[in-house]
């Protein structure tokens, strides 16, 4: 048990930025008595793609879910530390998680479209956040969102069909379209390609790349290749600790920390 | 105005308030640049306004209905003549009832006495006032509430919080009905039982061996006091339950074993629902079946056995006497009713036994029946016992079959061919028809109810514990 | 030594072979126990149904006697254009008897005459009167009237007449005189069996040939309506609360324990609750569908709650995450996604609960729904009875014809139950296909 005596350590590389989009200081996460994340300090920059890598169970997903408070849904989970979205403390009492999650969207590991029509899936966010006043506006928004995900041409003739009838890759892109329809500032992606075949993965990766022009994207991945392909910065987690953060190229070619090196060379897996 | 009209008005008012709120929120949204700049969705503002209209108005109706009669009573009491006020509670209640009757036009004031005229007059006036005042007050409150809600529709005010909190409270209130039901059951059987035990000593009830609740109207008649010994009822209940279980347990258990271990999926898919038909048949149908088909059949078989015994000189058979309402008939039919209950619980339990145990036994060269008897059955035993306890609690609490097929005669016997009576039969018999709530006869039914409740509750709690522990063992 | 080993080995082989034989026999036996148990269960189902059907099928036909009746003005003492009031005042009773006496002059003695009247339903004069009220123009004309036969006539004609039965199986409560009249009527072709509409259009009656189940069916529908309107929302709300919102604390645990225990409380106890609480404390009237519905609501709640909870549990958590991740609030997530997905399962549970409530008798006896009620209830606060209670009441009646009626009522009840349960099964199938 490490929660009695607080252990401090230094994250290697360059975890901090000027004018970050999100700022995390001394973040700890506990599941009941068990600590899952230890004293994480990191900045997430504007319109960058940052990937989180590390062996399974290292806490990268847990950390990601702190950023839009998805961990709130787990009763026994407790988050401490400072987590800021621009200058707003996202764990402040006055914050409405609903609005936070409209600003920080999320895409999950397994494509999880609602068991409704394709149209309703994309329209859902706009509906619950009251983003459009008229049906015409809503139609436009849906077309735009599907366009940006390259899905429009594939589904425009069957918008009223159930989304569950799409292929896995299409479903995942639909989930991304659904997320960007709300026009979030940050999109969190939790291993978005792990349930997809290689071709669908390539399409989604390309999409992530395009989206980075307008959105800040945090992606958790178990694939180092994917991290190398899509992200500009990479963070390496190990046993709940943030070991190293650096430019992707640097992490993969010249890691500063020994654990990072061991991981990327395949000695830890 | 009667209550249902008032409810309709309240509902209509709520709906109107909802739509007004919806329109208002669009009006509020216009100057700030559309719905997207409101703190929340128009439907939440509308729901908020609807709730503001609904909830206070409902509260008024509720409070008024609860307090109305109490307040009017106390006001009327003050105008009663002084000699009436000196009476004890019971006699006063009687007179007050008469006053109430006269006020609504039943009976004449002359029979009651002229001195009560002011009280009658007062009661009549107050009732009329109450009848008018309640709807008016309710509607005023509804309008006020709606107005408050209307004012609350502001672009910066997030109505979602209030609406969701109201929704949460509604959910919690619904959930707590289960608790209130239990309390209601306990309270209703307990209070009347306490009254009963003031009339009949507790030990006479629990250890008495004679049950004849009919209390004579005249004191000089035979059996004037009535006797309330519960032992014959318990014996009868147990006798019938044992008969039922001795049919249901082997049949249900063997069916479950066959279905889960031997039958093909196809056969299982047909047989299982066919057996479950037995569980869906209403108990009154079983009762009819038991009374009109099984009981006469049992009697016929008994009679022919007796004749045969007499002809062949077998003494004990020759003396066989089968009652037309034998415990055997009721018990057998009840057993049939419980078969699917036992089999579905056993089925669950047997399926929960891990495959590895079966594999282990087969690996040693055991046949399937040996595996079942030596491995699966012992492993599943706690769960099966739990299931049997639940079935027993079913049998003890079953009412219609025994009401229709078992008799009223409280015989203390273990002979299944005689007529016996059960706890549930007596509850029904004592309470169906007109009752007065102060007679020991009526109250006895509640004491029996308490007894039944406690017994079945204990059985259930034990059974659920056993089953749960069994489940945990293999999870 | 080697021989002895060899011998004992062969002995062992022999023994093992014997034992295997025995073990296999035991295996066979065991399987047969299972098959017999199942056969017993199925046989019970079949016997129960054939018994009820064979007893009740007769009630769906009713014997009528076609008689030509002259609505003689003089006999009725009615003028040219009588008002309704005048018609109602007219003595149709004596008119009916006179007509019968004229038709059957063989009835001589007082006894024979009264036996003659008794062959027709005692309501016939009333029915004739209503015919005249409806169409006063039939006065002075001859009309062919299908008269309802009395239950003894009906039973005899349906089950005994024209069959060569030995004395034991003959069911007859008719006198020889009545049987001779009947024989003549049959020979003249006046007697016919028709589908029994009375059974479905009349409420309860003391006369078996006039007793019907309409009152009981309407009572059952009203009671179930109250039950459904109350129990469905409450049960769904409870299930949602316990699955989605309830904090893990003592109160929640207590609610769960209560629900599980209530599910196993004998139904008669709920009757005691209804009697003591709704009738004695709250002062609601006895015998009304409202109170019946309230009691049945409390009784079916646990069933519906438990199945609704498992329906909610079956909704994949990924859907909840998706909605929450979009920024839906908890309430929105539940209302927009969890509830629609769980709805088929909840409806299945509700239908099963309703089927249970429809067949329930004991608690309704306690709250006085056993009264003899001749009127079809018009609302939830009119005195009423329900189908199972009607069955209970009729099964107690001494008339032979009521046994038939009871079985027929059971057939109707079982039909309703089968429809409801098939609906539930169908819904469950649809649910399975979706996920």
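Just so it is clear, A, B and C label the chains in written order, and each chain counts residues from 1 on its own.
Methods note: a contact is a pair of C-beta atoms (placed from the backbone, for glycine too) under 8 Å apart; a residue touches a chain by one contact, two chains touch by 3 or more.
Given the structure is predicted, the values throughout are model-derived calculations rather than measurements.
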item: Maximum centroid distance from chain A, chain identifier (CA atoms); value: C
item: Pair of chains joined by the greatest number of C-beta pairs in contact; value: B-C
item: Inter-chain centre distance, chain A versus chain C - centres from mean C-alpha coordinates, in Å; value: 60
item: Inter-centroid spacing, chain B versus chain A (mean Cα positions, whole Å); value: 52
item: Rounded Å distance between chain B and chain C, as computed from the means of their C-alpha atoms; value: 20
item: Chain A: positions in contact with at least two other chains; value: 98, 128-129
item: Of all residues in chain B, the ones touching two or more other chains; value: 160
item: Chain C residues counted as touching two or more neighbouring chains; value: 329
item: Sites on chain C touched by chain A in the complex; value: 248, 316, 318-329, 332, 336-337, 340-341, 434
item: Residue ranges of chain A touching chain B (in the complex, touch as defined); value: 96, 98, 128-133
item: Interface residues, chain C side, partner chain B - complex; value: 23-24, 26-27, 29-31, 33-38, 40-42, 44-45, 48, 51-52, 55, 233-234, 237-238, 240-242, 245-246, 254-255, 258-262, 264-273, 275-277, 280, 298, 301-302, 305, 329-331, 355, 358-362, 365-366, 368, 370, 388-389, 391-392, 395, 403, 406-407, 410, 413-414, 417, 421, 425
item: Contact footprint of chain C on chain B as seen in their complex; value: 160, 164, 167-168, 170-172, 174-179, 181-182, 184-185, 187-189, 191-192, 250-255, 257-259, 262, 271, 273-275, 277-278, 280-285, 287-289, 291-293, 336, 339-340, 343, 367-370, 372-373, 390, 393-394, 396-400, 403-404, 424, 427-428, 431-432, 437, 445-446, 449, 452-453, 456-457, 460-461, 464
item: Interfacial residue positions of chain A with respect to chain C in the complex; value: 68, 70, 73, 75, 97-102, 105-108, 110, 112-115, 124-125, 128-129, 175, 178-179, 182
